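What follows is a set of structures to go through.
Two complexes, one shared chain (subunit A), two partners (subunit B, subunit C).
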Partner chain A sequence: MRTLEQTTQEVLDLASKHFKVPAGSLAPEDDFFKKLGIDSLQTLEMLSRLENHFGIELPDYEVQGVSDFRTLAARIQSRL
Partner chain B sequence: MLDLSKYQSIGAALKDALEEFSNEVCLIEADREREKERLTYRDFKERARPLAKALQDEGFAMGDRASIIMTNQSKWLISAYAIFYAGGVLVPLDYKLTPDEQWQLLKHSGAKVLITEYPIWRQMSVAAGRAAATNVSSVVVTEAPMNVDLDGAIRWEEFRGNGEPIFVPRTRKEVACIVYSSGTGGRPKGCMMTHENYLEQCVALTSIYPFSPGVRYLSILPTNHAIDFMVGFFGPFICGATVVHLRTLRPEYVREAFSKYKITYVSLVPLVLKNLQKGLQTRFDELPAGKRRIFNVIVAINKALTKSRPRLGLSRRLLRPVHDPFGGELRTIIVGGAFTEPQTLQFFYDLGIPVANGYGLTEAGTAITVNDLKPFRADTVGMPLPGMEIRIVNAGADGIGEVSVRSKTIMSGYLNEPELTAEAIVDGWLMTGDLGRVDATGHLQLFGRKKNMIVTEEGKNIYPEDIEAVFDSLPVKEFCVFAANYIWPQRSMVGEQLLLALHLEPGQTYSEELRRDISARNSKLLNYKRIHGVVLFDEDFPRTASLKIKRNSLAEQLARLDRANVFLPL
Partner chain C sequence: MKSFTGKALRWEWRDGVIELTLDREPANEIGLAMLGELEQFVAAIGALVPETSACIIYSERRHGFSAGADLRELYQTAAQLTEKERLSGVRAFLGRIHAVFNAIDAAPFTTIAAVHGVCFGGGFELALTCDIVVADKMARFAFPELRLGLIPGFGGIPRLKRDLGNAFIRDLLLTGRSVNATRAHAAGLVAQIAAEGEVLRIARATTAQIVKFDAVTSAAAKKFIKPIPHEELCREIDLFCELFARPTVMAALKKFVESTDAMPYLP
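Let's look at the complex of A and B:
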């Protein structure tokens, strides 16, 4: 079972890979809309990648209003 | 289609539609690759009946208000029908608002009943704003796990009345819905839409984009939005068509739904349409040079053959690889909620996929103008729908002025706001605050806004007053949020931005610490509500006797500054 820290790191790694930003340039407290310059639609794409990676289903409502990696990781962690 | 001229209310028309089309499929609900539900109009009636009875058993009576806060799904429409059946007024609210914003609007609307879904209720039930909304006496929650405490709410599955509910008739001039066009932070603008507004709008829209049994509409825009309420509920239902709901809007499942359910119509916001365009363009760019040349020739042939009107069958045959992923039966993509760039519209039209753009406001029903595609005019938002009159007020030499509208679809007013209503509706004409021109062929072209607000590509109306609270106690002398185009008109409907005008304390500088503070507060706003930059102003803001900022005067003073020099991006 992953710890929240591990999950958070994997979320950051996957986001940096998916959106082609340097590894290590993202931090848990970063606002992903702002940091990655993405819109709500691109966020949904990122969620699909995360679901595949973690092997979970993350309903859209679970991430409603979430904009930072740490909270997103916590929502994922609760479903692992 | 039912003859809506015979009906007095949405409820009465829907009631007859459920009988008329009882064996047709009215709703399909899918969650990812799984189809969760498929209901006929008869099934729909059976689902709504116990809910309507339960509402009446709870004392819900004619004119009482009930709110729905749900993602798009069959229970949204079933609940709405039950409310209309019982003679109620529907208050559809945006599920994407924060819980406190939702409570604020519930309080303002005077809703007695709230129907929502468990994940939303989980957040709303613990929000501070709940305490003030004492008018909400019953909360019905769908899909709640069996082992959780609902904090005073009732489970949808258990909220069932026995016996026949009584149909409560309403008349055309009575309020059917209270729809909020804005105002979660400032003065809520609850548009009181009458039954007549919807009946007339439906007649006008379906005259151009008809529904019938067998037509399938993919419902993606939130149903609380005027467009989806009309073309994803009322319109298809009174014609016996099918509405498809997806519980997740991930692009891969939306794409799959087109071919799986042979979608006929879909409504999208410009952001999604542009994303589709990007995806298609990438596919075309990746074609080998030879194939690319052939493809371009076929597109050119299609363009020539569809110059005067769409020819769907022909375009589908010519450009099959483009059309097949859309299911092969897509007639039109309806785009709304915000302005769509002409090149995006043209891109799809050239591929033989007509995009019906238009222009509308919540206050005016759903749509005022729609592109009828005869011929397609990407540079305009189409011609007025039947029954709509457009007048350009205070037009300049170039013919551009404020667009005003008169029709039976105009709201009766803003709830509890006679002054705002009087400003918005002058001698029966709705003053839209948008700048436009009607060309020689009767098509409306838009050229920016006169009002202090922006509309995002996701179709969200953002009023500066609504987001100022997040900057309360900012360590500066005073501040005010504006739509940048309101200060420096761009004559454009795209790329709109919000700015924060700051008047610093004497001797204070715009430090990195202050910038970070603003940025951190900005991050607390939903992404589409955020400001884009700061403008420093070194004079006292003009204020009224009661010390309210005179926004118009301040905007005029700011307009004298050169945007390029003073706008500091965040």
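Let's look at the complex of A and C:
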């Protein structure tokens, strides 16, 4: 079972890799919309990547209003 | 006509297979331009039937198969009309959409939707007219219409009910959430999952198998197993128009059109 810290780090690594942001430049408290500059369609891409990576389903309404990596990781953690 | 290039789509016939490529910026929204060219496609099918075994519907747009109905066009058109004109206009539009979708649904050859990225609302409903759905593992499916105070109007509910039954529809419809290709595959909606960027190749490999069969037998098998739910489709149009008449719908459309939210398809 992953810890929340591990899940958060995996979310950061995945976002960094997919959106081609230098590893280590993202922090748990960062606003990922601002930091990654993603639009609504890219948000869906990220959701799919997270679901595929963690092998979970994460309904859109659970991440609606979430903008920082730490909270996003906590939503994922509750479904692992 | 064995090939066509329009403003919203193009098609090409080759060796018994038609490839219909949706290609309208930004994400293949289905409005009057797309509908007009889909009507041309359906009109051209008749002449191609004797030498066609399969058809692939695919999107050239990076973000996906189709984001659904062109809500900006719908709102901007509707906003200029009286309530009575608005209702008759939307009913006429739905009548044309249903005629096209029913023709694709009943086409006497095997149809494959090769889906990647977003496959939402009307785009999802277009995919549901096909016999087989092949999906990129990053594809997402949703019926977000309830956020506008509407139901899907392009035949989605009756077709998904025909293909899968009621429970999966209720989950999608009543929550508005999107589901990924893995979930859609588990539910039976998606026949095959492709690796990222491989969906067209997988669809082509499938048609290469399909064309080996006698086309008359395949068409007879399809007609036997895939009835068009005409009665429910007509009721869907009535219900859609009934809901569309409410002022809340125009307010919701306005909110969507002006939205900059990350998930504008949710309320």
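Operating definition for what follows: the second predicted complex is superposed on the first by the 80 of 80 C-alpha atoms of A that agree within 3 Å, B and C clash if a C-alpha of one lies under 4 Å from a C-alpha of the other, contacts with A are read in each partner's own complex, and residues count from 1 in each chain.
Methods note: a contact is a pair of C-beta atoms (placed from the backbone, for glycine too) under 8 Å apart; a residue touches a chain by one contact, two chains touch by 3 or more.
The model shown is predicted, which means the values in this text are computed figures rather than measured ones.
Q: Classify the contacts of A:L41 with the two partner chains as first (subunit B alone), second (subunit C alone), both, or neither.
A: Both partners, subunit B and subunit C.
Q: With both complexes superposed on chain A, which partner does A:F33 reach: first (subunit B), second (subunit C), both or neither?
A: Once the two structures are laid over each other on A, A:F33 reaches both partners.
Q: Of the partners subunit B and subunit C, which touch A:Y61 in the superposed model: first, second, both, neither?
A: both
Q: State whether A:R49 touches subunit B only (first), subunit C only (second), both chains, or neither.
A: Once the two structures are laid over each other on A, A:R49 reaches subunit C alone.
Q: Show me the subunit A residues, by the header's touch rule, that subunit B contacts in one structure and subunit C contacts in the other.
A: 33, 39-41, 44-45, 47-48, 57, 59-61, 64
Q: Spell out the part of subunit A that touches subunit B in their complex, as residue ranges.
A: My answer: residues 31, 33-34, 39-41, 44-45, 47-48, 57, 59-62, 64-65, 67-68.
Q: Hey, which residues of subunit C end up touching subunit A in the complex?
A: 27, 63-64, 67, 117-118, 137-140, 142, 175-183, 261-266
Q: Residue numbers of subunit A touching subunit C in their complex, please.
A: Residue list for subunit A touching subunit C: 33, 38-41, 43-45, 47-49, 51-52, 57, 59-61, 63-64.
Q: Write out the stretch or stretches of subunit B touching subunit A in their complex.
A: Against subunit A, the touching part of subunit B is residues 32, 71, 95-96, 98, 117, 119-120, 247-252, 271-272, 275, 457-458, 523, 526-528, 530.
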